[in-house]
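Next come two complexes, and both contain subunit A; in the first it sits with subunit B, in the second with subunit C.
And then the complex of A and B:
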C-alpha cells in the first residue's frame, strides 16, 4: 500500500470519527515551538534560533518503507541510481534491487542511503527532511522533559551510545523509549541525515579566511562552541560535517518531517 | 588517480617529466583537486613499512628523498586494557599506540587515511611532522567507510606524535588515537643494536583501576584529569614478562618514547639505567648526556639511548610513581649476559639489623600474640567459619592457578595427554596430599601414576610462591574439576619446605628461587 493512499484513508477515518486532525499522520509526532541554541555560531549568527511547531516521524524510515519507495521510483533502485546521487555503497546490504534479503530486516532502519535518496523519499511521501535546528530541538527532549539537558541519566545514556561501537546487527526501530514528544530512536539507533547537514561547516566566522570546518579540529574545536562539555553534540556535528550529500554509511539513516 | 598510476609505474627513479605527463593523461574521475607540482628532489618511490609497538621499522638506508606512500586504517576495537578489563579503543592500525611510521627528511609523503566501514564515527589525523593547517587534519576528515588522501613534504626531521583531531579531540586521544612518526635527519641516526617504540597514555574509565568488565570512557574524569589507568603501549602489562623488551649485555638500546596524553606529562625513567644520550622533546640534537629521568609532554616525544652494562630486569616507569605503582605505568627491559661485579655487585651482605628499637617481647606484644592465638582457635573451633576459610582458600588459589599453573595443567585441569598429568578427577592428588605439596615446593621428576596412567615429565619447583599461595592453590585444585579433598594449610606447606631444606632430604631438584 502506498503512503499517500494510506494517508487519504486515514483522513477519511479521522473525519468519520471526529478525531483531531493530528491523527492524520499516525506515524508522526507533533513537536511544539522551541528554541534551538546552536553548538557553534559566529558573531553574526543568532544565539538562539526559534523552531516553529512541526511534525516528525516517530521512528526512522525502515527497510520496508524504503522498499516501497524504490518499487514506486525505479530510478532510486540500486542498479539504476545515478552515481552523482550516491556513492558505490548505496543499499549495499540489500540482496538486490527489490529484495532487502536476510541482512536487512523489514523493521530495521534503512542505512547506506545518501542525502539525495533521503530527500527524494521524503518528497515522495509529501514530507521533507527535518532541519538541523528541528532535529536538535526534538532530540533535546528526554522521556519526561522537553529540555533534557538537565536530565543526567538521559545524558549519560546518550553518551554511552555515542562511545560504543555499532552493533553488527542493528536493532529494529522503536526499540528505544519514547521521548517527551512521542518520538523514538533519535539517540541510540543510527545517525540521521538532516536537510542542512553541512551548515555547521559552510557558515563562515568572524576570523576572515579561516573556515569554520577547521575549528572542529583539535583544541580549536572549542572556539565558538556554546558548551565545550557537550561531547555528544560535538560528535553529532563532527559526524555531519564529515559527510557529503552522496555519501552512504553503515549507521546513517533518516526520518522525515512536515510542516503543521 | 595518482596512486593507481604510480603503482603501475613503480620503477625506481622515474623521470619527473614522465610522471607529470602520465598524471595528466589519466584525468581525475571523481574530484577536482588543485594540481600539486612534482617534487624535483624525489628520486624513488616506496610503500612505508609500518610496525606495531614495541617494534620500529628498519633505519632508512637511502641517501636521497623518496615518495613514500602510507596507508593507515582507523579501527574502533574492543580489547584488553588490563586483566579482566576491556575497553573500546579507537586506533590507528588496530593497536594502541598507532603504527610507527618512519620516513626521511625531504620525503614526499602520500598519506591515505582509511576509516573502517564499521566505525561509529568520523576520524582524521594531525601529524605533528606536517607543516600545514591542522597537520593534515583539515584534509583527512573521513566518514566511516571512506578514505582520504593528502600529501606533504617532510621539512623538519625529528620524532613526532600524530593523533586524531576530531572534536571532541580529547576523547579521541583518550581512547587511544595516537602514535609516532620519525622523520630521520640526513645521514640518519647513529646505528644501535636495538630500537624500540614505547608510548605512554592514560585512560579514563568509569570504574577504578582493576574493576573488571567492559569499561566505558568517563568524560568527567577526563575533564578533571583523573585517569584510572596510565600505561605504556595501550594496556597494563604490555611490556612485561615474555613481552618485555630485550637486549644483551654490552649492546646499545634506543627508545623512541612518545606521550599521547591526553593530559599528563611523563617523567620517563628506566630504573637502574642512566640515559647516555637524550634527544630532548624528540628534536634532532643530543642536548644532554647522563640523564636519570626525562620529561615528555603530552603530544610530545623523546629519544633516549644507553648502553647496557650488566644483566637484569630494568623497569620502565613514569617516575610520578603512583602512576607506576597503582595505575599500570610499568614496562620491562630484560638484559641477559654475564654479570660485571665491578659495576654491580649484587647483594653482598644480608644480616639482621636491630637498630635502636626495643627487642621483641614487650608486654603489649605478648598480649597481642595471646589474643591472636585465641582468635585462631576460635575460628578453627567454629565449623561454619572453618568452612568459609576453605572457600576463601579456593577462591584465592584460583587466581594463583590462573597465573602460574594453567600453562601446563591447562585452565580446566585436564593436563596434556601423555605429558602433563591431569589434576581433574586425579586419584594421585587426593591420595597423596604431601606429595602434591612436595611437587610444588621442590618439583618432581621420575614416574608419577595418575588414574592408572604413568607420566614421566618433570615439574619445575615453584618455591618462590609463598606458603599461603601454595596452600591456597593446592586447596583449589583439590576442590575443583570433580575433586573433593580437605584444605591444605600454610603450616602443611611450611613443614614440607623445612623438610626439603634439610640436607640430603631428597633427590629431587634443589629447592630455591626459581627463575
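And then the complex of A and C:
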C-alpha cells in the first residue's frame, strides 16, 4: 500500500524538481562533454582538449535583454560607460542610453558590445562567457550530429554564411535551425565573444612578441592547422585574434554559459 | 494588531536585507557607480579585482596609485622568455637616475594562478633580487588575470604541461594607472621607457 504511494510521491517530486531546474534556466541548453580539437596548436598544446558538460544560452543575447542589463546597471549605459571598457562605438546603433530605437529591434542579437560589457552582462545574470573550447565544441554540432564535421549539408551551409556579407538588417535570434544540443545561431547570425578570445597565440597578430613564431606568419598559417580545409575555423581564429577587449563591431555579439 | 507588527518586522528585515545586498551581494561588474568615480576613464586602477602579493597582502590595483608603474606579466616557473623580461625590467630600474627610481614602481603579475602562490612569488623575489620598496609581485584569480591581460593587450594560453605561451610586453602606467607606453619584445633597448618615465615625472 505504501510502496505505490511513495512511488507517486517520488514522481511528483521529480516533476517538481525538473520544473524548478527548467524555470531556473529556461533559455539554456545542456551541451554534453566532448573533445575539442583545436585548429591550431603549439608543440606543447594538447591535440585534443576535453570539454566538460555545461549549459549554453540557446540564442545570442538580444537588444531587449541587454536593455534590461543597462537599465539595472547605469554604469554600462552608453553615455556613462568608462572608455577603458569599450571603444567609442559601444551600442552606437541604439537611439539613446535606454532606447534601442528603430535600428535595433528587441529580438535582434545585441552587437556593438565589447568583451568587458559582455562579461559584465554574463556576471549580472550569474553566468559567464563560454570558453573558446566550449564555444567551438557546441558549434561543431549539426542539427542531427554532435560532431557535425561528418554532416556534408551542414558544412555547406556554414560555408555559405561565411562567404556572404552580413545583411544590413540583422535577422532576429532563433531564425536559424536548432543544432544537436538545442542551440541556435552559432553560425549564420553574428560572431560571438568567448571568455579567452585573447588566447590564440598561434594565429595572433602579435608577430614579434610571442614565443611561438613559425605559425604566426602569413602563408605558414595553414601548415600547423589540423584541418586546412576547415575554412570557417580559420576565419574565426583570424577574427578573434584581431580583436581587443574594448572593441565593438557591427556583427559581433555574445551569449552566456554556465557550469552544470 | 499582531499582524501589523509582524508586517512591520518583516518589512524592516526586508529593507535591511536589501541595503546589504546593494553593498555586498552584487558581483563586481554591477557595483553602483559611486564606488568608482575616483579614477580617470582609462585608468587600470579602477579594476575591482582583488590580487594577492607575495607577502600575502590582498589589494586592488588602485593601491598602486601615486607613482608610475612598469608592468610585465610572467610566471615563476617560466624557463624561456619571462626571465629575460624580468631582466629587462631590472635593467630599466638600474638605468634610471636615483630620483626617478624611487618614484617608480615595478609590477609583475603572474599568469599562473594555480602554482604561483605567495610563497612561490616570495622565493622568486629572493632569487631575482627584487627590492621590496620598488617591486610588487601579484597573483590573481584566472578570470581576473584574463581581464588584466585583455587590458594590457597580452595574449596567453595555458598549454598541456601547465605552462603558458604568452606575448612579451612591457607597459608603462602613469601615476593614475593609464597606459602611456608599451614595448613588445625582448632584450630591447630601455631608453624609450626611460624617457617616458622622465616625461611623467616632470612637474
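A few points about this structure:
Note that in this section the second predicted complex is superposed on the first by the 221 of 260 C-alpha atoms of A that agree within 3 Å, B and C clash if a C-alpha of one lies under 4 Å from a C-alpha of the other, contacts with A are read in each partner's own complex, and residues count from 1 in each chain.
The rule is simple: a contact is a pair of C-beta atoms (placed from the backbone, for glycine too) under 8 Å apart; a residue touches a chain by one contact, two chains touch by 3 or more.
Values in this document were obtained by computation on a predicted structure and should not be read as measured data.
Once the two complexes are overlaid on the shared chain, A:247 sits against subunit B while remaining clear of subunit C.
Of the two partner chains placed by the overlay, only subunit B lies in contact with A:166; subunit C stays clear of it. Within the superposed three-chain model, A:73 lies in touch with subunit C and out of touch with subunit B [touch as defined at top]. By the touch criterion stated above, A:62 is placed in contact with neither subunit B nor subunit C. Within the superposed three-chain model, A:238 lies in touch with subunit B and out of touch with subunit C [touch as defined at top].
Shared interface residues of subunit A (contacting subunit B in one complex, subunit C in the other): 241. Residues of subunit A that touch subunit C in their complex: 42, 44-46, 72-76, 80, 82-84, 115-116, 119-121, 123-124, 126, 128, 195-196, 198-201, 204, 206, 208-212, 241, 244-245.
For subunit B in complex with subunit A, the residues that touch the partner chain are 76, 78, 88, 117-122, 124, 126, 133-134, 137-138, 141-146, 165-169, 171, 175, 216-217, 219, 223. Looking at the complex, you find that subunit C touches subunit A at residues 27-30, 32-33, 36, 41-44, 46, 80-81, 143, 146-147, 149-151, 153-157, 159-161, 163, 165-169, 184-185. On the subunit A side of its complex with subunit B, the touching residues are 89, 159-160, 162-166, 213-214, 216-219, 221-222, 228-229, 231, 234-235, 237-239, 241-243, 247-251.
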